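Below is one structure, written out as structure tokens, with a few remarks after it.
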Amino acid sequence: MHPSTEVERNTRVIQTFFKMAAQKGLTGIEVPIEWGGSSASFQCKTLIAEILAEADFGFAMSVINTHNVISNIVHWKDLKADGVLARLVAYLLSAEKIACTALTEPHAGSDFSSISTMATVDGSGWRLEGEKSWIINASVADVILVYVQTQSGAGASGIAAFLVEADRPGFIRNEQFGSQATSSLGTSSFKLDGYLAHAEDLIHPAGTAFKRALHSINGARTYVAAMCCGMVSECLSVAAQYGAKRQAFGVMLHDHQGWRWRLADAAIDLDAAKLMVQAAALAIDQDQKVVDQAAKAKVFATRMAVKHIAELLHAMGANGLSDIYPFVRHLSAAQIATLTDGSTEMLLERISQSQRQRH
Amino acid sequence: MHPSTEVERNTRVIQTFFKMAAQKGLTGIEVPIEWGGSSASFQCKTLIAEILAEADFGFAMSVINTHNVISNIVHWKDLKADGVLARLVAYLLSAEKIACTALTEPHAGSDFSSISTMATVDGSGWRLEGEKSWIINASVADVILVYVQTQSGAGASGIAAFLVEADRPGFIRNEQFGSQATSSLGTSSFKLDGYLAHAEDLIHPAGTAFKRALHSINGARTYVAAMCCGMVSECLSVAAQYGAKRQAFGVMLHDHQGWRWRLADAAIDLDAAKLMVQAAALAIDQDQKVVDQAAKAKVFATRMAVKHIAELLHAMGANGLSDIYPFVRHLSAAQIATLTDGSTEMLLERISQSQRQRH
Amino acid sequence: MHPSTEVERNTRVIQTFFKMAAQKGLTGIEVPIEWGGSSASFQCKTLIAEILAEADFGFAMSVINTHNVISNIVHWKDLKADGVLARLVAYLLSAEKIACTALTEPHAGSDFSSISTMATVDGSGWRLEGEKSWIINASVADVILVYVQTQSGAGASGIAAFLVEADRPGFIRNEQFGSQATSSLGTSSFKLDGYLAHAEDLIHPAGTAFKRALHSINGARTYVAAMCCGMVSECLSVAAQYGAKRQAFGVMLHDHQGWRWRLADAAIDLDAAKLMVQAAALAIDQDQKVVDQAAKAKVFATRMAVKHIAELLHAMGANGLSDIYPFVRHLSAAQIATLTDGSTEMLLERISQSQRQRH
Amino acid sequence: MHPSTEVERNTRVIQTFFKMAAQKGLTGIEVPIEWGGSSASFQCKTLIAEILAEADFGFAMSVINTHNVISNIVHWKDLKADGVLARLVAYLLSAEKIACTALTEPHAGSDFSSISTMATVDGSGWRLEGEKSWIINASVADVILVYVQTQSGAGASGIAAFLVEADRPGFIRNEQFGSQATSSLGTSSFKLDGYLAHAEDLIHPAGTAFKRALHSINGARTYVAAMCCGMVSECLSVAAQYGAKRQAFGVMLHDHQGWRWRLADAAIDLDAAKLMVQAAALAIDQDQKVVDQAAKAKVFATRMAVKHIAELLHAMGANGLSDIYPFVRHLSAAQIATLTDGSTEMLLERISQSQRQRH
């Protein structure tokens, strides 16, 4: 029921869960039917992200990240049915392989255009050099969509993205990021030391990569917000059930007004967050501008999660700290969510810009 | 543009605005077309409430309250085209007369079923005795829908509602509630001292009044929430314009990160509140159960308004306190909104009940 | 008991209260005994400010401001027992005259060194030209300590301060600042149009005024914080008494857990604010550096007041809005307190500077 | 520098640290000089608790808990220099043995008087039966001061306290409480299954134990509050140093206004918490009533810690999650602090009682 605890102990178990998810089609939500997906909407993807995160944020991220790499390949490459990429897509869809996306570097967190991992032409292919860090899923990923700079000093216009395979020479995976808090996320870093990419590994050429990344980041912000909703929803449900069974001072927890108002407060803000996620997801499906809406949904939902998961943990008493409940795990994940795919600070700047333009 | 300041000084001006609103059909939004209204949706009414409250909460309440009394009459009474009630409806629709609804009493705030204003049969009509207080709009209303108890000790089942006209004997209007904060709302109290109501003045007989009031209160909670959105929206807009013109320490206010984040925070929560209002209004139009949803929308929107109007006032510096801006006036109104049509405490109890039933 | 409501209606009443305060020595707290004061400590002054503000922030400000002008005169001028200034001091001590201090100008709020009111030498005296705005107490003050620039473009080093008397030519008092919220403070603005100051009216010459003002502002921040404590203390006391008498849903308000926790939350933060004020006041009496401490006390106490006065108002239900209670009045005053003598934003910058120097 | 990470991996290391602490006299702060302690004040103990918690809350708790058991023995027992207890005291003072106190049971969290672990007379000694849970330090403690019921149904008056040694028959230590969050605290549970206590193991007889526990709990609340100050202080210091070195968008973190205000906010509330701790500690040393003051200090300091450690973690970006920094560890500890020695809810009730008595 809560895969992540298992995940942390046993990579085999995660693979089992992953394959179950793949069999249910969760790696192919937005992938066209002809390539083995469901051609489903972004709203559908958001809902799945929310439900998966009820169980575990890290697992939800793994599934959605793998999905996104598939989606990038089939959307932007002219696949041949028997080609190398088509075979890779099949592996990813069936969860034989796990994928993720790598933008962040040790010295370039939120400031994406300043990345320094370099790709230089090398024969018919490319030579990749650099380091990526804080990459969710990178501790287990077989395939990584890596953003690089192709032209020193070119900034946004020189950025491109390559598929990198972890079992090829020049890929050096670092030890998992040293924190219990992030362990269920498989957050890790890696070095590219003379990694040779083939020409067809270039998914987004310079001139297109930055723009496409910015476009897809609105989606990411929206489903991360949805995941926060899923985590709070699960915590609220666990606490509500606990409050109907556990007594304090001779009455059920739920019969203490202060106790039940704590849950009511969480329920109110959770509803608000869900509506913001739904509105942003609908706008994405309708191809509207969503920079502002997705930013607002993410700031609201992540703040809501950090606040209310901590409050609901406290509502459980010391039991809230036990590993048999999801509170500690979800709380760490919520903190990560405030940083991933645009930190709260960066998003407040985006929202301020929209605000200023409007007046 | 900001009627209330005028309202406070001059009753004639409010009548002018009121008639303008009536001419635009705002007193007849949900009233059937055959009775001179627009047969519009509740969603439409909510939107109008929001826009009116951008200018003034008290004025918005006056218009909507008048509308609601008309709506009660045409919905629940078998009107004859040339009857007394039809004539009254016409007066109200054209804003010749202003109306409001009176539930609260000096010693019965949120606990509606314990009201003690009595109606006893007197000949072919009824004799009304008692006192109502904190009634929004009562300082100017000509027609008041008054909730009474028909049978001492009967509680909810004995409650009925009568139309009371302020110019008939036995209606004694008290001085306006002594607070600058509530002055634009025309909040007042009145006594019924042997007021004789005709048989046809009985709009909701005992056995139906309480239930109908509970039904309509979900609507009221939703449009009060909408009004809070309107007030915050106006404050945000004023502050944003101010920040683009006023300097501090050599740069525009907007160029101070702390300053613009204050506005971004307000914009985020305002969006959330609007979505909650829209969702509740849609559910009302679709005849779904909305007790929980309307309660959540009101708690969220009123808290949001109290918090962010104060923050936006502060963003204006000392100018925020000036009467040429709406901050002080809207902030008082937001505090009133936390109490009217179900206090935050009462709504938290409702939300807790739904929460408990679900688990 | 609550002078300000009276103050708003009747200037005579304020004079009565003022004279009562003067008779009790409140205009001479820190003034040396030989000049008719008490030679008391700053801690004592802070405590008096707190107690006066329980009744009314505006009245507290009037008394303390008058006190401060006296204190400036006797501290920095070589008084002759039968001189003009000594006579003025006597008038101020006995509250025959009311005083205040004027720094702020229409376009120079928090940025004190950029004031543009000019003083130019004129014969044996000075000619003053300019405008001051948002001056607490200026609507009633007879004597004003006005900060001016003596040398265009000189910034801080050119600033000086003169005593200005409201009944002399060239002093033009504007109408009271147009806001109900600030009316009990007598906040107003005035113009100096060719006002001729005598040589002895120069209290702080250029080169000393800015520094002395910065020094005294730490005291002002501390007693404004104390006044916020006084207001919250009074609101808490009123609410606690109300909760022991008023029922809701068949039990005393105090018997609702949510209700009494609201008061407990206020009591906790009030204690914290009081300790911060006491610590800063002690440090001032001990001549320690208090920039950081006074800034922290003011930010904490003003935030505390804005938050908890609003919460305690709500705890009273609709009665909280009535003018017979201090909530609405104290809430407006608390908002003013966040702006006066260094806005929250400016103080956060000061605190950040100390923080940075420490690490 | 950060013992706990080591603690989690290696029990030997904790023993080394423990012995270092003992050598510096930290196990004997309040213990009389004739018994090998320092006869220092409670204020001194509070300060030490704060400093130890900068490094690790769990380690601070271990040292202080051991200290408290020693203090209980020497204070309440008539020690003979060559007796069994005197030898035990020597072992504890030198950290050869670690101690803790056990009140909580699986079904009696905050409601202390309802504990059900029983002590029945058995020959010249006592037979102990029952289970204790969520006991901080119990996973490593050699000596435990266990609170028991001596007379079924007697409630508070029947409660007594015995010294229990972990290496004697009938003491069954359960596995450490299953949560990463609590691992540095050594939180655990144990069973007493026919444990035979000697007559001299009875430290607090029935009739005195409950009262003495209530007395000492005010001290515990105060030093737990102090520990929260220590943890926030350390996080603030780490973040401030980081902000002076790390860049984002081309400037130092500290040069972003939103970033540095986050630290300023933490610094303000930290100062307030420290003053509340100091005031409560002084009152304890002066033998004043401190129930209300200690409760307020604990509620304020624990809320402050939960809020600001999370905010400061976020200020570090993804690095805040790394185990080389104390944020994740301190945040978990702060959550535990909200529950131990009186949950926030229970303390709000205490504060409400004082509030009510005062008015």
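Order as written gives the chain letters A, B, C and D; numbering starts at 1 within each chain.
Here is the rule we use: contacts are C-beta pairs under 8 Å (C-beta built on N, C-alpha and C of every residue); 3 or more make two chains touch, one makes a residue touch a chain.
Just so it is clear, the model here is predicted, and its values are computed rather than measured.
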Per Cα centroids, the chain farthest from subunit A: C
Separation of subunit A from subunit D, taking each centre as the mean of its C-alpha atoms, in whole Å: 38
Centroid spacing, where centroids are CA-atom means, of subunit A and subunit C in whole angstrom: 52
Centre-to-centre distance between subunit B and subunit A (centres being mean Cα positions), rounded to whole Å: 44
Per-residue overlap in subunit A, given as positions that touch at least 2 other chains: 256, 258, 261, 348
Arrangement of touching chains [line / ring / star / complete / other]: complete
Subunit C residues within the subunit A interface of the complex: 256-258, 261
Subunit A-facing residues of subunit D, complex: 104, 107, 109-111, 133-134, 177-182, 187, 247-250, 256, 258-259, 306, 310, 313-314, 317-318, 320-324, 328, 332, 335-336, 338-339, 343-345, 348
Residue ranges of subunit D touching subunit C (in the complex, touch as defined): 236-237, 240-241, 244, 254, 257, 260-261, 263-265, 267-269, 271-273, 275-276, 279, 293, 296, 299-300, 348, 351-352, 354-356, 358-359
